[in-house]
């Protein structure tokens, strides 16, 4: 009690320990597991990352033809880094900067994307199966 | 249990939860009080049930399990991850091959977690006692620990460092030395915490003799962790089911005999010293550069259990391997689950203003209880 | 003042007459008429008396046998009751009284030269209080008795009520100690009969307790009579006051303490709660218990400044605090009110003990306002009991929903018992100053602590009554008797509060003058305009008026102003859909009644012994 | 009237509700109050009482049992109010997405204004989120805000709105 | 004119005191804390919230609480009766409790009862301090008391008693039982919101001014008056930051056991003419 009393009084004349974030810039430690960045050139759309992702924050939309899309949802990601480790082509890097909050307008409609990806994936699988079947029958 | 008749007429029902400032989690406690003395308590802990055990047997393959079970609870996430991983490794049959470096890193993670958890709860306890300053100080000190974890594992809360067959990242030399420095600072703040909980008159007055659990009662209700150790039950899963190197390092089990709220706090304080020692030993015992991940080829196939000492006590994982990617059954028994049944018994006859400290002294966090 | 000498006699005889009339009238409607006429007569008579006071009357000796006859009649009745109900205490006490009385008239002869009847400021005030408050209560009881309390003896009930008022008036007028004794015993009889009214076991037990305790008081008064005759050769109070005869005065104080249920004697008043509520109201607010403060105020000129005065003030202050503390743990509404009565009487007794003009001003203020506030509270309690079946504090929960008017009455009563600007508060404020000025710090500390506890007591009632959510539904229909009787009290209480300065200037002034022979102005105190000025202090009119309007207007605003367009929500229950039950805080664990009375009853007995000792010394 | 808006943006009192999160974000929320981050700099106080709150900080994926409580609390917060979903799991479910007992995020029950990512959200992220919320708060007026699916019940009422019966309606649906 | 100035400026000063309280409190906890004008922001914010209420009596009582607190303060500053100031202050708290009692909320009721415990703990010492002031000045009228010089010299113990009852008055730990945030979430204030909470918030400022003025009595005529008030407040805050909350029984017990004997001693010494 007495000690805290004295400490309290002393603290009045000490500099507070507060970081003045956001007025003062904050630099995360190296190796902080922040945003996932994707390099389009390196990616082969092998889908390993999507499958390794625990929370399903990566969806790959492979439309018919060559239009492919790699979608990452910052508000679904748990920043575990598993996708980065699983990517065989080094197309993914985990930055040390954390994602900033987003507002209603900036948000992806994730349910829609999930559904679409599911549908596309199904179609893709079916095509794959069909192709394999064709090969076998040949 | 002391049976006290509740006079419905003059009884005041004080709800506490599911949303309440003193509770970070949704849990409903309803106290029937007379003159602010608690006469009857009812609990409802299942607000947080998300179906994690079920999802592990339907949605996620076993390699994702450590990440998922980490989200059972953010306070001792790594304890869950480790227990799950060890159980999985045992189920696969590779637990013997896990390298010492992996064990050491896991131990560091777990002990850091224990440190922050103990600071957290003791600080929060002070807060609910109305001692804001101690809360602020302890949480300020806790930031050192979180910084250390941030440095080591890349995140403050969910370390996500454990994976089946190893760990995700190693601790390099440079970080290792920085940690040794940080540990000194941490030790100093533990000293501060010890002084607070032994010397501070008002705090001690609030906590002393509050919610006494005798040794027999502790046995009878199967208390675990610091709550059991504060009543003199010598139990610690780190010794009893040693997946790391605790026995080699000579971990000391800290017990007290008073069994009151203060003792529970003090046990935690003293454990912090032990944890710091364990981290030091683990850092010294192995050096970076060893292999940190085994290649896991098999799927879990056996029944396996793991008992791990989470900050709040025994954490029990049972996994039934079926040879498939997804286990057939996952059963988790969590420490708070074991510590809850005694709560109504110690709370009856206590004044309502002593209820939050009493509750917090058992360190209940229900996010794993409900899962 | 020729022509008005009949007034005191009328005030004694008219109640007796109406008592007789009520007793013999056979049907309820007739009794109703009799009661209304009687009460109106009494009210007008007492107002007339107050206007015409002071006056002094000599009564011829030939009434003396009548007094004696009355005494022996009462002894006989008490003895009979003692035998019937096998109460040894009553029997012994009656025999003791009778024996002493007989011995007294056999041996001592005193020639009186003083007036037998003295109507001064204080007694005319007492008559006014009894007349107005008591009459209203009697009128109220007509309606109350209709709801299942008739029991076939309503006529006797009303008769005794009137008798009670008459006895009170007579006691207040009397200057002769023997007369005082007779009327003292007559009020004992009336209260005994009324407490016993319901006739069940509890009533009988409690009435017997009331009987023997009051007989003890009667014994003390008798002792005072004997001692004054023996040692001072006079039977007149005014003479005793001139003689500074402390010994009989000490006994008189004891009698007063019993009547006002001070500390060791609190039992009888609590037991009296079994009686129908109008009886409690009558006992508490205007008659019976007021005898105590009245007697002590009357003798305050002698005891002021003496050791006896100090002890009396101390006893009053301790009763004040202890009784309020005991009230905290009460479950029954009426019992809580009983304790609060005891406490407030303690406050008045402090004033008597101090005896300065300021103190007497305080005492008179307390006396008048307590009668009104407590009367109002009891009437409210009676209505709550009869109309809403609420007997305990918990039963009152949410009363404002079922009966806004009743709830308003009870709340108003409770607030007027503790808060500014109402008379009880003003009285306390004055008492504090009086105690400070006369440097009696120990009673002061007790009083100060007690007033803190008092707030808790009265707020407990409020805490039950007001609980509700949303708009208040329409007002309940109360019988016109209830409305008029409580309305009268509310009006007088409110009016007197606003007109407090006027009240001080007229009524208090008279009482103070009659006791201390100084005017308020002479003592440097008094009312000015709306405010009150004391020699070291002042209450500004704006304060009084501001708070009064706040207290009166807010509830009205809450009823009439509906706050349209504002969202209504439910209470915060942590997000859970639940309706918590709300109990009041009873202090049973720390400050239980039994625990306290175990400590303080012996203490009270000791205090009474000290009072007698200081009288002897 | 600039000054009035200033008041709105400078004094956020928060209500925190955990709808089945893992405590990770909750303790980070608590940490935000402590000396290192000290959000009281922005005037933020943890009021713990919906009636006096301006910002709701919700963590957790909203389990089925918490749903109704959440709505109840939301309706008890007077406008203008801002809802901030803190942490991945409250934004969209996180790892709990599609588990059988969760609602996949707060937005399914009440409208969310700011989403704070991170598992667990760092204190810095939470501060960023609160700062963003303050901007939104500044613009909001005190018109009654109700979740879209409850609009029907709210319209057509005059004068005071009994939020409890509103909730009752919801329960019945 | 002076009257008007006093009435207008006391809330402003109160707000600043409140802001300083929060700032100093934060600094004692090694935090930066809010800006010193934070209470004004809060008040502005509260006034702009959409009003919600449970019953009208309840919200009217908040206004009554404020009006009475203002009355108490005005009585003080305009040189009224010290006893009345104390009673008005107590009554103002009682109004708050009454408002809280009109709800069916356990927290409100528990909080209101504890609020009454505050009155119980604090009022007797304050009244006795007033009595002590009377002994030394011969008056309860503050306008006359204001003429005196450095009362603290002759009534040091009473001043200590006042300091001892400050935590109870200001609802600061160890005696913040009525608000007890972690138990009953603000107690009697819990159901007030937005514009209806504003009067309560304002009343808190006024209460602080009242307390400051009360402390000031002891240092009249001394240039140190502001320093003395500030020091007392800092002491209270430091105590707040070095104690856990005790129970309400402890509050009453400790306040009485410490404060009443101190005033008693002072009264005794004054009566003996020692001081």
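Lettered A, B, C, D and E in written order, each chain numbered from 1.
The definition used in the following text is that a residue touches a chain if its C-beta (ideal position, glycine included) is under 8 Å from a C-beta of that chain, and two chains touch if they have at least 3 such contacts.
Note that the structure is a prediction, hence the values are computed from the model and not measured.
Annotation of subunit B and subunit C: jointly contacted by D, E, touch as defined at the top. Every chain gets a centre from its CA atoms, and the centre nearest the mean of all protein CA atoms is that of E. Centroid distances built from C-alpha atoms place A farthest away from subunit E.
When C-beta pairs in contact are tallied for every pair of chains, the largest tally goes to C-E. Distances between chain centres, each the mean of the C-alpha atoms, put A farthest from subunit C. Work out the mean CA point of subunit A and of subunit E, and you get 53 Å between them. Subunit B and subunit E have centres, each the mean of its CA atoms, that are 42 Å apart. Put simply, the C-alpha centre of subunit A and that of subunit B have 29 angstrom between them. In this assembly, the C-alpha centroid of subunit D lies 34 Å from the C-alpha centroid of subunit E.
In subunit A, the residues that reach two or more other chains under the touch definition are 1, 3-4, 8, 16-18, 20, 54, 78-79.
Among all residues of subunit E, those that touch two or more other chains are 26, 28-33, 50-52, 106-107, 109, 181, 185, 190-191, 241-243. For subunit D, residues that reach two or more other chains under the stated contact definition are 17, 34-36, 38, 41, 47-51, 69, 73, 76, 78, 94-95, 119, 122, 144, 163. Chains touching one another form the pairs A-B, A-D, A-E, B-C, B-D, B-E, C-D, C-E, D-E.
Remark: subunit D residues 17, 49-51, 68-70, 72-73, 75-76, 78, 144, 159-164, 167 touch subunit C in the complex.
Listed in rising order, the residues of subunit A touching subunit E in the complex are 1-5, 7-9, 11-12, 14, 16-18, 20.
Those residues of subunit D that touch subunit A in the complex are listed here as 35-38, 41, 84, 88, 91-95, 97, 104, 111-119, 122, 124-125, 127-129, 131-132, 136. By the touch rule above, subunit E contacts subunit D in their complex via residues 22, 26, 29-35, 38, 40-45, 47-52, 181, 185-186, 190-194, 197.
Looking at the complex, you find that subunit B touches subunit D at residues 18-21, 24-26, 46-52, 54-55, 59, 67-68, 70-75, 77, 120, 124, 135-137, 139-140, 142-143, 146, 155-158, 365, 367, 370.
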